[in-house]
């Protein structure tokens, strides 16, 4: 994803993936919660631009874009969201429990803040095994209310862990605005721990890629963690079905105009962009077909995979 | 405790209280753990100098000095530490569980970091009741490893709570030095939340009183919380009985020379200081006698006070 | 059975019972405050607290950051200085994050200080929505094992309202477990000025003579339905709702078991190391000679809660499971 | 009974068994790391991990800040990327602070990913020092109710060593509960190259025919002593140590209960909603017709653990309490 085309491609994939799932949700086909990241794609795609498969990404309850940017298969993701046996968790987990360690996608998570200790563990694991891999931890600004965040930055700074903290500030925390949750400036919260911090435009995929990329290089070199605040906006409600009626429509409209996809697309020759879009439509179409052809997970799907021996 | 004499008196009381308990420990008379704060008295005494009874103090596992500075009776404290029924908890709690809400001493605590959420609650309680009381939360630098600390400063800053955070940095955390625990500079950890921070010489009772006092005035006026780092030193091991053999003797010696009591005593006319010392000896003597005359708490002491109805 | 025959009643959804209790107690006593994530402006993720912020202002109905440890700390410290806080932990699963504050701080406060700690922690347990393995768990037995804590887990709307009011008036910390799967279920609620249900008292929801079902949460209504079905076959089932798990009304429960000689325990939690285990232990310790058949636990299988509602519902015990257990115990 | 007759043994203190297991496994497999508060330079607050940092360096034996949530997270994340971490939570009580990481993260990892999570969380439970109400609790039943987690609670030194080695080799998260009150107790430990005790298998510590005592932690040795005393009166007591609480060896336990027809469960935890409840429930569900008398729970009273050692010891059940319970069940 070093090229503009590559970045646009994954953003477009994420966008169309979620729009498709949103439609499916409307049709009653998504048996779990659906937290849309539409509008925030640049954070995930820019954040993963400098990563390789063996690096780790730790995601949140709102994580489709992170998963796809780290290389998850859209067909199996769709199957999971639609509750099908071909899904990454056999259809029983839904979007908050996607975990694909083989591609370095440690997991989405239903517990706000819980990814931060785990990310610290991944980074420690790399360090202890003398691997030059890096962990990138995505989290919302709401997660900065949890103590886990600070325990993580303190240890990461102390141990110079290969870890990049990417705070995806979409300015909304479930049903209340950021102001209810965050005192002061987020990007500065590592400073007093001796950790560099930076704020970037989270709707500019190249800016995110540059900032996180530099932090990744630094981390890989053994120079420790960085905190990146990417400022963006959530277009939809907390979950599909939440109308977020309390929001000011003009604000939403302003941010829609700052759509990260439009920007990036504009930097491409129109033909190339069209070709990408077409390719994505095909991919989405066949992914949906794959998912829909997979059987709905039945009651027996809840039993396996509790213990190694019984798996 | 606005005067030098008053401050010296309480520091002396705390010092002699602990020395006496340390002797009793040596004689096998203290049936619980004993975490000595000797060398750190100025933090507690300076920290409580601007407080009134209705203000709240939240303490730690190492809290004798906080308790005495907030007005706890040395005789009942001793009784508690000696496991006697006249103790504040009937002799069953020991020094990590002293809680005297009537004088605003909310409690010492066996769980590192656990006082911080409670202190936030006290401050919220004052605010919600429109009382102009203030909470002062003492905690060790070790507690800055816990997430609870940051949850607390975030909410305190957001809500402008009447709360002063006093980090008693004695440079040692149980059995490992501060460097194992703290990345960067402690006093700056509130900055990014918009909270003022200040570092003071924790062995200078007037400096502590000035810094915390200013923060208390600010908090009482409704202008929100402050973080104060008071740099001091723990003369003894983690608990009585721990020889702390791994410490560099010269370092301990240097700090003993910076004894906060010597400084403050030197600022008093010798006669006045001698008179204070004598008064304290008497107080300690009668407190010990009081404690020793109280019956040892027997097995039945463990039963009361679990529920209101059964108390 | 709570006799409500003389009093006018109104059918309320369980969530409405909660909302009414909060409004009434906050009107009665200004020391009562409500603190939690999204409880204020949004009125709670399931709308349970709607209207409260407008009524009582944002100092008494307070939206917090995602800081569960401090959330409970706000209750502990607030109660220590004179408030009577009601703290909402959105999902019961999240209470784990604040467990030190609940178990080591709130529950032990009186033991050391001798002082009241009037604190209610409300939370929402169990499956019932497409929330998945980290938002649907039933760990009521954990908290019921803690000296100093009271644990209330009502099922029907009237009990929910009356017990929440009692919990708010109680001088000890009370964990008040609401059942998500019941929020929109309706039951009759007496319309009296002061409808209080005492903590620590079980309720016989249906009298019977052949077998006792002790049930909690969603399994109360399901057990009542099972009892109704089996009545047609001439099997007389008594349904006991303990309503409070700590302190447990052991007398009412053992009296029923002694009377019927047969026991089924029905709950949404998994069976091992659970509420149902405790009731079985009580039965065998206290009523061995009266037991005519082995007790049967009706519980969820020992697996995680899946996200899709149909799967989650297939995991939770239903009316049929209760019926089958009763038949087994009657055999 | 583990037959150790053919193998040379050495009397080791329980803590030495732990230390040996750690050394052996860290020598065998360099993916094994030890992480915790004061585990390194100081060798642990009770000296259990002494010598390890010098042997294995400070990347593999790592002192951490007081950050229990991240501590367990280091284990979860570390295991997810190839380590086999052993995490030390100093006192069992502190595990509450990390409970979300244990229950919602570690225990559910395989359920969603299908991947191994070889993680051991070692901790120290119970009274035994002057540590008080927040450092002495026995909440093993809580964790035993969690699908995806294994819970091991050994008593004697040999089991402790052999089970810790097995736990480290296990591909699931294991909560390994050590008993503070046993650290300096000596037992014979077989001196063989690979001394492994399997997880999930109970051990008959003493055979008998009149009554079964199922005991954990400090109550194992105390029950053995009670059994020895009563043997002089002709009462033949069988002592079963489950060693693992999840998965529980229900077959071994019910077989013993069926054989003797009488049951005492002895533990340091309080009785309600505990391990003992589960064993009583198992007994009545599976062995009702064989039960000759009501089972008796020997447990601590439902009160906090006081700080002074004599009071804490008066609270914990002793040999006399086990003897009295056996007599009661034999009456």
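Here the chain labels run A, B, C and D in written order, and each chain numbers its own residues starting at 1.
Criterion: a contact is a pair of C-beta atoms (placed from the backbone, for glycine too) under 8 Å apart; a residue touches a chain by one contact, two chains touch by 3 or more.
Nothing here was measured: the structure is a model prediction, and the numbers come from that model.
Visitor: Taking a step as a move to a touching chain, how many steps at least join chain B to chain C?
Guide: Minimum step count, chain B to chain C: 1.
Visitor: Determine which of the two chain pairs, A-C or A-D, is joined by the larger number of C-beta pairs in contact.
Guide: Looking at A-C and A-D side by side, A-D shows more C-beta contacts.
Visitor: If you average the CA atoms of chain A and of chain C, how far apart do the two points sit, in angstrom?
Guide: A distance of 36 Å separates the two centres.
Visitor: What's the distance between the Cα centroids of chain C and chain D, rounded to whole Å?
Guide: 31
Visitor: Please compute the C-alpha centroid of chain A, do the same for chain B, then give the distance between them in whole Å.
Guide: Result: the chain centres lie 44 Å from each other.
Visitor: Find the geometric centre of each of chain A and chain D from their Cα atoms only, then give the gap between the two centres in Å, rounded to an integer.
Guide: 40
Visitor: By the touch rule stated above, which residues of chain B touch at least two different other chains?
Guide: Expected reply: 92-93, 97, 109-111, 145-148, 151, 154, 158, 180-182, 306.
Visitor: Two or more other chains touching the same residue: where does that happen in chain C?
Guide: Answer for chain C, listing residues that touch two or more other chains: 64-65, 67, 69, 93-94, 97, 100, 104, 108, 111-112, 133-134, 147-148, 302-304.
Visitor: Which of line, ring, star, complete and other names the graph you get from chains that touch?
Guide: Topology of the interface graph: complete, with all chain pairs in contact.
Visitor: Would you mind writing out the residues of chain A in touch with chain D in their complex?
Guide: Residues 56, 58, 88-89, 92-93, 97-102, 106-107, 109-111, 114, 116-129, 131, 133, 135, 147-148, 151-152, 154-155, 158, 305-308, 311.
Visitor: Mind pulling up the chain B residues that touch chain D in the complex?
Guide: 31-33, 83, 91-94, 96-97, 109-113, 142-143, 145-147, 173-176, 180-182, 246, 297-299, 301-303, 306
Visitor: Which positions of chain B touch chain A when the two form their complex?
Guide: Touch residues, chain B against chain A: 144-151, 153-154, 157-158, 180-186, 188-189, 191-195.
Visitor: Which residues, counting only chain D, touch chain C once they are in their complex?
Guide: Where chain D meets chain C, its residues are 93-94, 96-97, 99-100, 103-104, 108, 111-112, 133-134, 139, 141-142, 144-145, 147-148, 246, 248, 269-270, 272-278, 280-281, 283-286, 288, 291, 293-297, 302-304.
Visitor: Where on chain D does chain B make contact in their complex?
Guide: 37-38, 40-42, 45, 63-69, 93-94, 97, 130-135, 301-304, 306-311, 314-315
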